[in-house]
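The data blocks that follow each hold one structure.
Okay, so chain A shows up in both of these, paired with chain B first and chain C after.
Moving on, here comes the complex of A and B:
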């Protein structure tokens, strides 16, 4: 946000002055991520994940565009072209391992970003639009990651395509025609692979566009902060550059180290061995599981095992899986507590940590085989997931008595704020 | 209003789940926890340990072992299993000279389009060719081995355990509890295999199946270890370059990160307030 004390862009070179008159792009950047954007001074390290998510998107687009130069989206050669990249393309193995582990890193970072939002109430007014766009980005990421996973045309690729498009067949009346329309046939085939490749190339740029909207809407109210108290005076903020460029900068290094350990030393640790077996429509793998970042939602899908009223079990599972994410859209209106940060919400804070534990349990169960006792536990965990968002959060926000808030950001950092005495 | 609707939706899912939970619990009470022969008697989760030179972040291939492993592959496995992703030219990385590679390739028969007539014809292989497909007419479907250590849980240790893990007789308890798992005609009992019975006969049943060119004694265990090492190479020919690049890159990133952290501390020195 442009506070009265925000610095104005001053071109330092005649060329920049000329450019500023014609197309004020440097001014835009300066006000977005430069010295012109005033940010609360008390952000903790959980605020670094937004920047890291943007960094991951860049990694994915760069490696992805180069991979697409060597990949062939045709069912009879797709698997071999992936191996061609791994064996014959110069540094091809680094691109592919970087891209596959980059997807995992992107999700890890984004989950931290989302749960930061849950804890600190980042979704609350006046920042609802940032949150809504964020959920849109997450949905687009899920679609993109799923379609990317299909491209190597291994066993898991093929059967993931089969299972996920099969979900749509649960929809009454239009289900089966819809599934065939999505696949371009009765089973995953060349038409499916080609459209997934096309969309997998397109969607990241759609994500990039929504990310720009996400950041734009962030700049209207300005960044939130761990106290949840709005900015009051100049001493509450620091310019994004150099303060947060330096802070984000060194954590990019930290991120790169962890990410590189995966890419170079355990590139297949997060993947499933079955995807190194070429797709075989005649042989179903013993356990069809998605990548780890989908496991919580996969557990929710599988926890509905019995028909209920006039709903089929499969339809219930599909509805619940989509509802598990769609519910995030309504969060700004479900949580009506005026206090943003869970630091000052003793009751909500407990339920937040229960939710974290619940999602971790769901994650474990989503990767486990669909048999007892895993199914029973995932039914309980799914129940709690929905109760948290749809029942506990609205009720807690009405009955909770929050702790006293600090007067200002400055007071929370320095212990006292000169402006408070005025 | 939105909160009332949401509470209703939340309760709907909860009740639907409670219904599933109740029926499943009754079923579970009747059946008990699921038991499978593979879970009770299989050893897929307790593989034998196999130590290879390529293990660990600084691992490199033991070229002599790869060469021995290739001799086992071409002498034993190749009669049923293909190695389609590997090209003969790649064998220079195993330690063969270009002339030796040419000879090895020339022994293979490649069915390819004749550039003069356009017909499909058999011709001797060249270093540019990939290992040819293998036609197998017997029982079962021998998988291509180019990616086998990446395509199975446990990787090389699984290959080694499977090759040395055949057992002549099944435990009596297994046949009693799971009659379906009795080894059938033309099958062989191997507790490391996913469903315990495998169509492949013990491939390394006796010592000395191959004669190693480096004079190493070809025991069953030695051959199994060597071929597992070779298959790791076949699946990950980039491993050495990956380990080396990764080491330097991570050291460089550590350096950059420390510098970055110091500049961050420097810039924030006056703003910390504690």
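Moving on, here comes the complex of A and C:
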């Protein structure tokens, strides 16, 4: 947000002055992530995950574009070309492990980013559009990750393609033809692999485009902050550069330590050994599960085992799984409390942590086999998930008496605005 | 004005230019929509995929209680020679109580009630159920068990328990002696 005290871009070199008149790109960057963007001074570490998510996207695009130079999207050679990358291509093992673990890191970071949004009410007016675009990015990430997972054409790849496209066959009347259309065949085959490769290459750039819209819409109201109180005066903010570029740089360093631990010391810890077996349409692996970042949604899908009225169990499961994310689109209007931050919402805060526990339970169940008692527990957890969004959040937001808010961001940091003179 | 006369009919406010405008945008719109047809159609199974549409299998060696897997349209087909006990178990079930009500007779050919030929594709999300191979789990109803999401099929490959909505699909086939032609 351009506050009255935001600094204006001043080219320091005649060449930059010339460029600023022709194409003010440096000015755009300065105002977006430079000294011209004024940001609340009280952001905690949860505000670093947005930058980290952008960093992960860059890792994925760089490693992904390079992997595509060595990979072949043909069913007879796809598996071998992946092994060729691992064994023959210089540094190929690092690029592939970096890409596979980069996807997991991207989801981990984005889940923390979403957690931040939930806890601090970042989705509330005037920031609804940022939230909606964020949910779109998340959906695109899921589609991209799924199609990328199919590319090595191992057993887990093949059966992921079979099961996920099978979701669409649940749709009444058009389901089966739709599945054949998506696959380009009756079962996953060469047509499927080729189109997934093409789309897996395209979608990250679509994500990049939506990320730009996400940041653009963020710059209209400006960043939120842990108190949820809007910026009132100059003493409430600091310029993004150098304050938050430095802080983000520090967390990028921390992130790289954890990421490198996975890439270099346990690159297969999050994967499944079955995916090192070439795809076999005649045999499903005994235990097929998606990657950990899809487990909560997978548990919701599997929790529907009985037909209800004239709806088939399969269709209900598919609808519930998509609804679990689509309900986020309505969150800014389901939560009508004017107080953003859960720090000042004693009742909401308790239910928030219950939801976190519920999602963790669903995550555990999504990775467990489809047996009792897991099925029953996932049914209860799924019920609570939707109860939270559709019943608890609207009721809590209308009956809750929030704690008193600080007068300003400065007061919350320094105790009184008088002590705030910089 | 003379300009107006040459470009349209000023008395009702419609000019020749308006017609050209509507005609051009309509033509571009129709053209744009027409382009969608090939762009969508290319996604359907191609001719070579459709060409692999029949499979012939010799079933002479399949003894009662045994099953084999064949490949039809790049998907598994289960060909199972039912034992008298399995046929009896399938016929004892109250058909009205089934999720997808069908009798064993409806799912087999007349005179070959022991020969159960179904797709080996779970009707839930398309995994290959277990139970056709030797030593595989057959589920609670002695037929097939899908490990992906826990669907149990009985000895007529009918859905009995779990999330799958339909019985295992019976493909079109004909029996000539010991040879089954699927598709």
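Going forward, the second predicted complex is superposed on the first by the 418 of 422 C-alpha atoms of A that agree within 3 Å, B and C clash if a C-alpha of one lies under 4 Å from a C-alpha of the other, contacts with A are read in each partner's own complex, and residues count from 1 in each chain.
Everything that follows uses one rule, which is that a contact is a pair of C-beta atoms (placed from the backbone, for glycine too) under 8 Å apart; a residue touches a chain by one contact, two chains touch by 3 or more.
In this text the structure is predicted, and so the values were computed from the model without any measurement.
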Open item on the list: Going by the contact rule set out at the top, does A:405 touch chain B (first), chain C (second), both, or neither?
Closed with: neither
- [ ] Could you tell me if A:80 is touching chain B, chain C, both of them or neither one (first, second, both, neither)?
- [x] first
Open item on the list: Under the stated touch criterion, which partner chain does A:180 make contact with: chain B (first), chain C (second), both, or neither?
Closed with: second
Open item on the list: For A:281, using the defined touch cut-off, is the partner it touches chain B, chain C, both, or neither? Pick first, second, both or neither.
Closed with: second
Open item on the list: Quick check for you: in the superposed arrangement, does A:302 touch first (chain B), second (chain C), both or neither?
Closed with: second
Task: Contacts of A:264 with chain B and chain C, given as first, second, both or neither - done: first
Open item on the list: Once the two complexes are aligned on chain A, which partner has more residues of chain A within touching range, chain B or chain C?
Closed with: B
- [ ] For A:314, decide between first (touching chain B), second (touching chain C), both and neither.
- [x] second
Task: First, second, both or neither for A:375, with chain B first and chain C second - done: both
Open item on the list: By the touch definition above, which chain A residues appear in both interfaces, chain B in one complex and chain C in the other?
Closed with: 286, 304-305, 313, 371, 375
Open item on the list: Under the stated contact criterion, what part of chain B meets chain A in this complex?
Closed with: 2-3, 6-7, 9-11, 13-21, 23-25, 28, 33-34, 57, 85, 90, 143, 146-147, 150-153, 194, 235, 237-238, 241-243, 245-247, 249-250, 253-254, 256-257, 260-261, 263-264, 267-268, 271, 273-274
- [ ] Quick one: which bits of chain C touch chain A in the complex? Just the residue numbers, please.
- [x] 40, 43-46, 49, 69, 71, 73-76, 99, 120-121, 123-130, 146-150, 162-165
TODO: Going by the contact rule at the top, pick out the chain A residues touching chain B in the complex.
DONE: 41, 80, 83, 86-87, 93-94, 97, 238, 242-243, 246-247, 249-250, 252-254, 256-257, 260-261, 263-265, 267-268, 273-274, 276-277, 286, 303-306, 308-309, 311, 313, 316, 320, 323, 327, 330, 333-334, 336, 371-373, 375-376, 379-380, 382-383, 386-387, 389-391, 394, 413-415
Task: Complex contacts: residues of chain A adjacent to chain C - done: 159, 162-167, 169-170, 180-187, 189, 191, 195, 281-284, 286-288, 302, 304-305, 307, 312-315, 317, 369-371, 375
